[in-house]
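Below are structures written as structure tokens.
Consider the two complexes below, in which chain A is the common component and chain B and chain C are the respective partners.
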Partner chain A sequence: MRILRRRFLVGAAGLAAAALSIAAFAQGKEPIKIGAVLSLTGPGAGLGQGERTGILLAEKAINSKGGVRGRPVKVIIEDDGSKPDNAKSKAENLIFNEKVKAIVGGSLTASTGAIAAITNGQGVPQLALTGLGPPIELTYKSVFHLLPPQALNAKAMLEYATKGLKAKKVGVLHDSGYGQLVMNALKAQSDAYGMEYVAIEKFEVGATDVSTQAAKVRAANPDVVFVIATNPIPFRNARQMRITQPIVSAIGSSSYQYVSGMGEFANDIVFPEFLVPEYPMPHQAEFVNLHRITYNVLPKNYEAAGWDAIHVIAKALETTGADASGEVIAQALRTPHRGVLASYNFGATDMTGIELSSYVYSKLVGGKFVRLPFITR
Partner chain B sequence: MDLTLLLQSALAGLTNGFVYALIGLGLSVIFRGTRIINAMQGEFALIGGMASYVLLESLGVALPVAALGGAVLGGITGVLVEAVLVRPMRRRGASEESYLLLTLGVAFAISAAVLYFFGRDARLLPGIGGEASALFFDAAIRVHAIWLIVIASAVMALLWLFYHRTVVGLSMMAASVDEQGATTVGINVPLMRTLTFLLGGLVGGLAGVLVSPLITIHYEMGLLLTLKGFAAAILGGLANPFGAVVGGVTLGLVESGAVLYFASGYKDVVSMVILIVIMIVMPNGMLGRGARKGG
Partner chain C sequence: MALGAVAFIVWLAVPAIASRSIVDVLVFTALYAIAGLGVSFLLGHCGIVTLAQSVFYGVGAYSAAYCTTQLGWAAPAGFLAGMGISAILAAVVGWPVLRLSGYFLALATLALGIIGHVLFLEWDWLTGGTLGIGGIPHLELFGLMLNTPQRFYYLAWLVLAIVLWLHANLLNSRTGVAMRALRDAPTAAAALGVDNHALKAKVFVLSAVLGSLAGSLFAHYVSFVSADSFGVDRAISFLLLAVLGGARTIIGPVLGALFVTVMPHALSTLGDIHALLFAAGLVVAVIFLPDGLAGLLQRALGRREQA
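Moving on, here comes the complex of A and B:
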């Protein structure tokens, strides 16, 4: 037994030394630069800050395993302040001065478009964290996105409402930003799901009270209520106005930040999303643990998207080498990739290839996310 | 029109209106005393709300003490801004526009500091009466919202008494209206300006404590509140604190009425058109005349 233990210790020490020497070897070489333009401040900070932690964690994880072809990865992160003009100038700096091999971002649609105008012209691969929509992206040669298009988010909501809850009539409370995008997609698919919208109430982003809108939704007596907002207030107001029907929301509303603001009303709200870290899928467990150990908090979807973005690029660079042209790297990016968030196929017509089956469903129970057994096929 | 919906709209309008009024009150106090348009009034609320939250959740003090602490810290912030930033600028003859820029810059700095130190999470202060609601003919209003309306009305009344019945209040007005005249009769004008910022900060901090159980505390709340409070103060008459209340309540009721009678997507368009019409008819604000009478 003692010999076994000694052998184990010697083996473990050897492995640790090997890992350290690989990492040290990688550190000694010129790093491969990857740029990231994120919304770390301003209205998009709720997305960008999470994406940043995922990106930094991925950089650390890849380098600790020896980097890409023995070279360390260095991610240069820029803040666009949630403004597309800033995003454009930051992307130009990354491409022309820093000579990055690929760009991750932006966090918001307008920034993504501004960056894409540069990356497309220069042939630099871009992994966007929000989509411009397939009709636009298909005209670009090297822009892909990691998060699902709103059409897919809408489908995931309707799947649960119609199949999980057997609902026919829906009332909607949505904001004028993210909520409007999802609402447009929901309307486009209502006929396919036989869903009737009995009340659609809109409010501005950052509204401090939407109780009148919530009262109008309640008066329409829907079977289920969709609340789509980047703010906890509409969820609180819906329950305060005694909307007792189940609430279904969208992935963008699923964050600990909003749940803490919902207070005692963080209950019976369902989110179609990808990562429920309290109940991770097997392929998500390593990332969730590493994130928890490193930052002492659980990650959510946007952290996972940041992690996946760097891993997707690193995998492509591993195949092509860092000296390959942008076009060759973009071609390598089209290879299917199993990420923490979802399984991607950037060669698909929607430029992301995420299937409905990648969604998992969580429900808030007493302020905690619980993964539901409901699945889509 | 469904009576319940009509009542619900009125209650929501009143609640929102008094939220706007509380911010507008502070803006108006500072403008009345210094002629400075304070773009960081919402930040006083952010500081007040966040300080109360920290006192309550991290230090475990009782809610009334935490609320008092939040309001006081708002006042202290006001004094610091005046003493460290405004006073040196005034000595160098800064224009009115530069104070607007100064307070706007400080607002962004405070918001960024809250983001850095406290993160993005929305925080919730417990309200008076918890999450309980009162029903009026099947229309609901938070018990806390009723208290907010009562307290905001009391603050308005106290401010009226302060400006009309106390030596300090009258001195603050005199220092604002005629600096040289006030100095001649022995009023310490710089002290009055500092007290004005103290008062504005106190009202702002109190607003944060009262508003936070309704809208949650987060690093971006300040600017959002300032915009609505500014609209309320302008509508009512910027130099008149009571105008801010009238303006805030009008704004809140018009907004909620617009949701009721029009598609909610047009709420801002409808309410802004109505407000523009009011401003054309009454360019000094709804209580603008009263403000001039008061100085």
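Moving on, here comes the complex of A and C:
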């Protein structure tokens, strides 16, 4: 037994030494640069900060395993301040001064569009941490999306409302930015699900009180209420105005920061999303553990998107080599990829290929996320 | 004279010697200076604070985007449409609003800025809303595609130079004298036959046209526009650059635009604290430079330009 243990320790030490030597070998070589343009300050900071931790964790994980073809990966992160014009300038710097092999970002749809105008012209692969943008993006050859299009987000919400809750009448509280995008997609699919919108109330992004709109939704007596916003206030107001029906939201509202802002009202709210770290899927467990150990907090969807973006690029570079042209790397990206967030197929027409079956459903119970058994097919 | 020649040579050489990202920032300097000049005009020479310039900047940008991508018009038509719409809008809205003065006028223009931004988001059939409009064609001049910062730099700064020259001419004209009289002694100006309200409205229209011109240039340069670029914070940036540069001078808006574009770029290497440092820099600049950056420059050059 003692000999067995000694052999095990020797073996483990050998493996550790090998891993260290691989990492050291990788560190000695010229790094492969990947750029990231994120919204680390401004209104999009809630997304960008999480994406950054996922990206940095992925960089560390890849380099600890020897990098890409023996070369370490170096991610250069720029802050666009949540402004598309800044995002363009930052992307210019990364592509032409830093000579990065690919760009990750932006965090916001507008930033993604501004960056895509350059990456498309230069043929530099771009992995956007947003869903599909304006229709022109469908003609771009090097832009891919880590998050689903709003049409799919809307479908995931309708699936739960109609099949999970058996609802027929829905009331909606949404903001004029992200909420409007999802609402447009919801309207387009309402007939297919036989859903009737009995109240649709819109408010401005960043509104500090939407009680009036919430009261109107309550008065319509819906079976379920959709709240789609990028801040916690509408959720609070909905409950304060005694909306007792179940609330279904969208992935963009699922964050610990928002839950904290909801306070005592963080209850009976369902999110169609991809990562419930309290109950991770088997393929998510490694990432969740690593994130918890490194940062002492649990990750959410945007952290996972950042992690996936770097791994997807690293995998493509492993295939093509770092000296391949942007077009060749983009071609290598157009293959199926099993990520932590979802299973992607960047060769799909929506440039993401995420299927409805990748969604999981979580519910806030007393301020805690609980994964629901509900699944879509 | 010699200093001017040196400055001209440096300006000419910048795209050849500076990195692409620096040239890109300097393109934005020129665009912001054109729009900010309109604000400076109103503030420095008529005493009107406006926070609506982002609306006209947006109108110019969306006109360029919509006319070229949806209607298939040539780029100059988009520029003209934007400037025309902005001029009409400024005249229609400005005529009643400019009867106000002081804080009330500033608040009224702020309301215009907010309404404009909301409409840019709401009218998604026209503006693309949150998604924006992509695929705006680059400008082409004498067969040369202006699709790099280096190429666009010369156009943007040339337009700025022309606008500055026109600005200087206007200030030295009878209208310029009337504007200063309106700012310093409106009652006396009215007694001398100046139609104060009509003059304010005309300058407001002129300011809107400059904002629109800058917006159209922006759209063709970035190739993408969305409502995020035309919020109230952008209007504040335009006002800021006018105040910071020195609203009563011709060169002030250019110096102010340099500050609000180059400083954040330079500070961004310092991490997430960069926004805080920029704000601190602004406070210091406003406290220690009451005449703006132009005043500092004038003192450095040992002469004072008459306001």
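One rule holds in what follows: the second predicted complex is superposed on the first by the 373 of 377 C-alpha atoms of A that agree within 3 Å, B and C clash if a C-alpha of one lies under 4 Å from a C-alpha of the other, contacts with A are read in each partner's own complex, and residues count from 1 in each chain.
Everything below uses one rule, namely that contacts are C-beta pairs under 8 Å (C-beta built on N, C-alpha and C of every residue); 3 or more make two chains touch, one makes a residue touch a chain.
Keep in mind the model is a prediction, meaning the values are calculated, not measured.
Engineer: A:85 in the overlay: touching chain B, chain C, both, or neither? Say first, second, both or neither.
Structural biologist: second
Engineer: Now for A:256: first (chain B), second (chain C), both, or neither, which partner does it touch?
Structural biologist: first
Engineer: When the two structures are overlaid on chain A, which partner does A:59 contact: first (chain B), second (chain C), both, or neither?
Structural biologist: A:59 sits against neither chain B nor chain C.
Engineer: Kindly classify A:350 by the partners it touches after superposition: chain B alone (first), chain C alone (second), both, or neither?
Structural biologist: Neither partner.
Engineer: Where does A:204 make contact in the superposed view: on chain B (first), on chain C (second), on both, or on neither?
Structural biologist: both
Engineer: Scan A:159 for contacts with chain B and chain C and give back first, second, both or neither.
Structural biologist: Neither chain B nor chain C is touched by A:159.
Engineer: Quick one: is A:41 in contact with chain B, with chain C, with both, or with neither? Answer first, second, both or neither.
Structural biologist: Touch status of A:41: both partners.
Engineer: Who does A:176 touch here: chain B (first), chain C (second), both, or neither?
Structural biologist: both
Engineer: Have a look at where A:303 lands relative to chain B and chain C in the superposition and call it first, second, both or neither.
Structural biologist: The answer is neither, since A:303 touches no partner chain.
Engineer: Please report the chain A residues shared by its interface with chain B and its interface with chain C.
Structural biologist: Common to the two interfaces on chain A: residues 41, 176, 204.
Engineer: Of all residues in chain A, which touch chain C in the complex?
Structural biologist: Touching chain C: residues 40-42, 78-79, 81-86, 88-90, 92-93, 96-97, 108-111, 113-114, 116-117, 121, 133-134, 136-137, 139, 176-178, 180-181, 184, 204-205 of chain A.
Engineer: For chain C, which residues are in contact with chain A within the complex?
Structural biologist: 19-21, 24-25, 28, 69, 118, 121-122, 124, 128-135, 147, 149, 218, 222-224, 226-229, 264-265, 268, 272, 274-275
Engineer: Going by the contact rule at the top, pick out the chain A residues touching chain B in the complex.
Structural biologist: It is residues 41, 43, 45-46, 49, 176, 201-204, 206, 208-209, 211-213, 215-216, 219, 231-233, 240-242, 256-258, 260-261, 263-265 of chain A that touch chain B.
Engineer: Please output the residues of chain B touching chain A within their complex, sorted ascending.
Structural biologist: Residues of chain B touching chain A: 2, 4-5, 8-9, 11-13, 15-16, 19, 112, 115, 120-124, 131, 133, 139-140, 142, 211, 214-216, 218, 220, 224-225, 228, 256, 259-260, 263-265, 267-268.
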